[in-house]
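Below are two complexes that have chain A in common, paired first with chain B and then with chain C.
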Partner chain A sequence: MLAKYLVRRFLASIVVVLGVTAITLILMDRTRGTYVPGIDLNPALRPEDIARLRAGLGLDRPFYEWYLTWLWNVLHGDFGRSMIDGSPVLSHILDRLPNTLELTGTAILLGVLISIPLGVIGALRRGSKTDHALTVVSVAGFAVPQFWLGLLLILVFSVTFEQHGLPWLPSSGATSPVGGGDILDRIEHLVMPATVLSFFYLSLWSRFTRSSMLEVLSQDYIRTARAKGMAERRVVYLHGLRNAVIPLITLVGLELPGLVSGGLVVEVVFGWPGIGKLAFERALQYDYSTVMGIVFFATLLVVAGNLLADVLYAVLDPRIRYA
Partner chain B sequence: MSRREVEQDQGFAQFEKFLDEWSRRDFLKRAGGAAAYMAFMAGGLEFLAACAGSTTTTSVTPKKGGHIVEGNFSDIRTLNSMLSSDTASNQLIGLMFDGLTNYKKNGDLIPALAADLPKTSPDGLTYTFKLRSGLKWSDGQPLTADDVVFTYDLAYASKYKDVASPRRGDLEKYVASVTAPDPQTVVIQTTQVFAPFLANHTQYGILPKHVLGSLAPKEINTTDFNSGPSVTNGAFKFVKWDKGQQVTLARNDNYWNGPAYLDTYVYKVVPDSVAVTNQLKTGEIDVGPVDPSQFDAIKTASNVVMTEFPVPTFTFYAYNLDPSKLGGQLFSDKAVRQALLFALNRQQIVSAVFFGHGTVANSVEPPTSWSYKDKPKVLYSFDKAKAESLLDGAGWMKGSDGIRAKNGQKLKFTMITNAGNKQRESMLTVMQQSWKDIGVDATPSLIQFPQLVSQIVSIRTFDVFLVGFNWAIDPDESPLFHSRNTAAGGFNGADFKNSEVDSILDQALVTLDKTKRKQLYGQFQDIMSDAVPSPIILFNTGIWGVSTRVQGTDFGPFNQFGQRPWNSKVWVNDGK
Partner chain C sequence: MSILGQTPATEIEAPISTFEGATSRPAQSYWNESWERLRENRIGVAAGVLILVLAAIAVAAPLFTQFLTHYEPSRLDLTATFQTPGHPHLLGTDELGRDTLTRLIYGGRVTLGVAFLTVALSLTLGTTVGLVAGYYGGWIDDVLMRIVDVVLSIPAIFLFILMSILFRPNPISLAMIIASVGWGGVARLVRGEVLSVKQRDFIMATRSIGARDLRLIVRHLLPNVLPVLIVAASLGVGQIILIEAALDFLGLGIQPPTASWGNMLTNAESYFFHSVWLVVFPGVTIFVTVLASNIFGNAVRDAFDPRLKAH
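Entry: the complex of A and B
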């Protein structure tokens, strides 16, 4: 059953990857105008120079031809070279990947670790002041744009703190430009972006845990557990929480592709040298090959993340069967 | 799609609106730099271009050691001087590679790797350079005339046609040969007398033949050297490039102008111009360009010294004069063009949009140029009555709806500029309002920057466009105003054709005598002030913030980005 399901999902994934990359390319190709990636137009460039530079980048061919060549190369493990700087796309991605994983991994971990206890507290004390306060925080976390929160933190914890002689946090980058790079230095740089990013996860998942927990706690088996005299702590954590977090796993699983692409806004605001920032900058510069490489990579992860979430769900909850 | 991706998209749209001076969108701006290129600018860094005002008046003896961090919001593309076309790359290249000549901050040419300015042959076709003696690469190898020949070969020789050099256009046209009769001598033979040659084409960073000489042309485009030059000849040598974050350089002990005082020079990429200001305040960066909108936010910081000077960067609007287009029908009469300019309060635009950091333009030549004419034939101050009488006189009468019309044709048109540049969006709004006051119906329309450039250089269906531009050191303005450049791909998208202007511009290009040239450009400015095909709203100023611990910088209109002859003389007073 599961094998058949996986095969079907796999075939569907191929269509998704092809569709996403093709649409990305068409959008870039249709909007680039007279732009030649990597070269600022200047009046000294004659039309024939521009034609030569375009041809050098393979842009003299129609986009579908470019696409098929690109696809063929990717299938052979060759992501090509950036149109902006001529270095391999794969090395660009691999250069930035550790930074992105550091940021998003920390944020997701923080989100999970904090949101579950908050959700449980909210459920157990439903209607209390604590619950209301947590609700307000969650709604805020969901509603406040990440860029705004990021800028606010920079203004307060970097600029204002520094001016008042307080210990302050660096406002951009992943390490100090001079003499940085040790663990402490990295953590200092990580605090603000990870906080902003995890705030969102935290809001989402704590609400989810709370409602899921409330639902589970109203089940018959919980009443049974309580009736047979089981300690409340055991009821909540063994019978309640274990069942309540199962749906949460799907949600977290859906965020796994976000490990690579999820931090875009935060990366841009904090100048974090990650994949999201790279994709953003290169899209603005019409660096076809780099953008396509990242899109391909990110799409694969989205597809794989969804699949993994489904499979985990089945493993953790034997009631689920695939048809 | 999960709900959260949708959320993020919305956040993103707001994010874009929020950072109005969002400058990473400026693909094509970045004029200036090593090649003194001219390009249309999306807005951002170019506003920061700029002149005089040394930040250091100290008599303290410079100390060796320490580092500085320069911050900017543009990332680097390449460190190869023959491939680069953007300001950020040119800036890093300028720290590591000297060319034959360099500029003083006022634009005067000074020798760099050359011992003196070149000898020019009587026919004006041949330049002979003598290199300084004992020049060495950072690896100790001698730097000779062969390296110069190799560097120029990359951008004009036919065997290197596959090198993706943006310099090829001009060099192929003007260079007949570059030869090295002996290791100390370089002879550049040009195809025709071309007055701007030395000012435009002798600053390119010289590349090491002993490292790159064995590569095939295509390999030059992708060699590791471009992202990490193993050998340099400038004040600094390359240490590492943390992609997306910073480039670290160290002192080059073999530098001809004496080893730099600094141990380390870091170029840090920060998120945007607001971040430049924030980090100047916190001391995370020591040097950085300051956006006019940020000036007041930083001038109170006691740890930052500000320098401001005029620059040849400007914002202008242009009428479509092509008779087959709507613009041609509306604007072919110069009285209409003049009236619209009289109706604009440009001083108010400078104050409100640029916070006073800029100068209303009197002429098409920038005030930083030696050819600048302060008072050309027609001067335009804000004069609404004059604007109305000019339009009345030209037969454009107000109708019952308050809009002027002539022969049933309403004075009604659209103005385009690039979306996301708040300053330009504001200017269009001011123009709309000012012109409405005299009975002209102009509607702003915002399009993406690549589309704006396409409109200017090829499609040309616009009525009026507004964009930024940057002039090189030489006063030649053929790219925008010579009728030759109305051809597809040319920058004269306004379709301005004036045979007198053409002949003056052509003559000035083949005249080497500066006094004669100045006279020709004076005539040119007079004609342009009368014809006003593309009125300039303002010339910008360049503003730099420098930490009080940094000494020896000397920013000016032509010593901002690529060209800084004082790189090795910068030092820090705290030794850190």
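Entry: the complex of A and C
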């Protein structure tokens, strides 16, 4: 049953990936039709040179042909070459990937580690001042623009702190350009972007943990456990929390694709050399082979994240049936 | 990031056991009851009023600039750049000597306009697709829902970037760009609702007296999914303002010299050392507006769909 369900989900995922890449390409095709990157910067080029350049990049072929070739190559692990600098797209992605994973991975980890305890506290002390304070923080987390929160942090912890001679945090990049790169330097750079990113996750998941916990604690089996005289601690953590966290896993799984694309705005604000920033810059330069590669990659993650969330959920909660 | 119909926040709740029907109070229409519940939520009402006030200011922007700030939003004054808040510029001026308050008021026009238009577009398309998919089922449902899967699986931010480069957005095309992703969640939501309503007896009764598909959908299914739509709309506004602000900030949304709350922050880094208010005011405006939208959205959700009410 599970196997059949998985096969069906897998096939549906392939359709999704094909759809997404096709849509991306149709969009890019509209821009590439007339454009070779950088061509307007060079007045010495004759029309026949431009035609030759376009042919070299495969721009003279109809887009479905380009798409099929691209798809065929990608299936063989060849993401093509960047239209800007001619280097392989895959190496661009792999260059930036560790930085992005470092940032978003830290943010998601922080989010999970902090939000679950906060959610549990909120549920156990429902209606208390602590609970209200946590609610306010999480409501604020949903409403604050990430890029603006980032700007404020830079303003306070980089600019103002430096002006007042306090120890300040670097505002940009993943390492210091000179003499950087050791673990402490990386952490210093990571603090602010990871904080901004995890603040959102924190708001989302702590609310969810809270309501899920409240829901579980009102179940009959919790009452039974209490009636048996089980210690409250055991009731809450063994029976309550374990069941309350199951739906959270799906939610975290759904954020996994955010590992690549979710941090784009934060990466741009903090000059973090990750995949999001790469995609942003390259899209502005019409480097569509690079953008296609990144979108394909990110979509794979979305699909994989959804699939993983479903599977984990099914494994962890045997009540789930696959219809 | 999801936008409409599956907004994060408390909307995604753990499954909650419900009791259908069986109330002992005197019969009262659903709408009256919901309205009552909404009115009792004071914070929610206050948030709703705040949104209305902001919308009113945006609509009446020319009046405000004429009688309150006395400046035009795009009027440059290079002799009065980076004025501190006070007199004559209540909230100071930017690097081109433009009045910040005036630009905030006009920016609200753009930002709120885009947000409401986006919600309207997403709801229209999403509802149509959801109704058709849910009602007809079969292969129509399969095809439409696969399209929805695709739409919801595209990392939205990339799509926005590509489309913005392609269309060089004005407020209307920007709304269309954001709505092109936003409708997916609505469609899924409406379809789910239709599937459950379709099973009820009154639908069969209506069909057995000879009602046609169109009549069934418009007169009987649509009113039943309306609560879900109202909730999705009011929860969606805040999310859309955030997305729009981020795109404007990145330079991909509303283009200068037209002011929007997001693009007023595009050059924020260059104000850090002398004009902090230029970073603070637009951000606070976005924050407060989104906060109010979310609070109001939650209040509407609690009032119209009490099954989903957060604990």
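One rule holds in what follows: the second predicted complex is superposed on the first by the 312 of 323 C-alpha atoms of A that agree within 3 Å, B and C clash if a C-alpha of one lies under 4 Å from a C-alpha of the other, contacts with A are read in each partner's own complex, and residues count from 1 in each chain.
Keep in mind that, in the parts below, a residue touches a chain if its C-beta (ideal position, glycine included) is under 8 Å from a C-beta of that chain, and two chains touch if they have at least 3 such contacts.
Since this is a predicted model, take the numbers as computed values, not measurements.
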Touched partner set for A:D49, first chain B, second chain C, both or neither: first
Partner chain in contact with A:R81 - chain B first, chain C second, else both or neither: first
First, second, both or neither for A:A244, with chain B first and chain C second: second
Partner chain(s) touched by A:V159 [first = chain B, second = chain C, both, neither]: both
Which superposed partner A:A12 touches (first chain B, second chain C, both, neither): second
Partner chain in contact with A:M28 - chain B first, chain C second, else both or neither: second
Partner chain in contact with A:Q146 - chain B first, chain C second, else both or neither: both
Partner chain in contact with A:V20 - chain B first, chain C second, else both or neither: second
Which superposed partner A:L204 touches (first chain B, second chain C, both, neither): both
Contact residues of chain A, present in both the chain B and the chain C interface: 31, 142, 145-148, 151, 154-155, 159, 204, 258, 262, 264-265, 268, 284, 286
Complex interface listing, chain C residues touching chain A: 1, 8-10, 12-16, 146-147, 149-150, 153-159, 161-163, 165-166, 238, 242, 245-246, 249-250, 262, 265, 268-269, 272-273, 276, 279, 282-283, 286-287, 290-291, 294-295, 310-311
Residues on chain A engaged by chain C in the complex (per definition of touch): 12, 15-17, 19-20, 23-24, 27-28, 30-31, 123, 126, 139-140, 142-148, 151-152, 154-155, 159, 204, 207-208, 210-212, 214-216, 244, 247, 251, 257-258, 260-262, 264-265, 268, 276, 279-280, 283-284, 286, 291, 294-295, 298-299, 302-303, 306
Touching residues on chain A, where the partner in the complex is chain B: 31-35, 38-47, 49-50, 52-53, 56-57, 81, 84-87, 92, 95-96, 99, 142, 145-148, 151, 154-155, 158-159, 162-163, 168, 170-175, 177-178, 200, 204, 254-255, 258, 262, 264-265, 268-271, 273-274, 277-278, 281, 284-286
Of all residues in chain B, those that touch chain A in their complex: 2, 4, 7-8, 10-12, 14-15, 18, 24-25, 27-31, 35, 37-40, 67, 69, 75, 77-78, 83, 85-86, 161-162, 164, 166-170, 173, 221-224, 226-227, 242-246, 248, 264, 266, 268-271, 274-275, 278-279, 281-284, 448, 450-451, 453-454, 457-458, 478-479, 485, 488-491
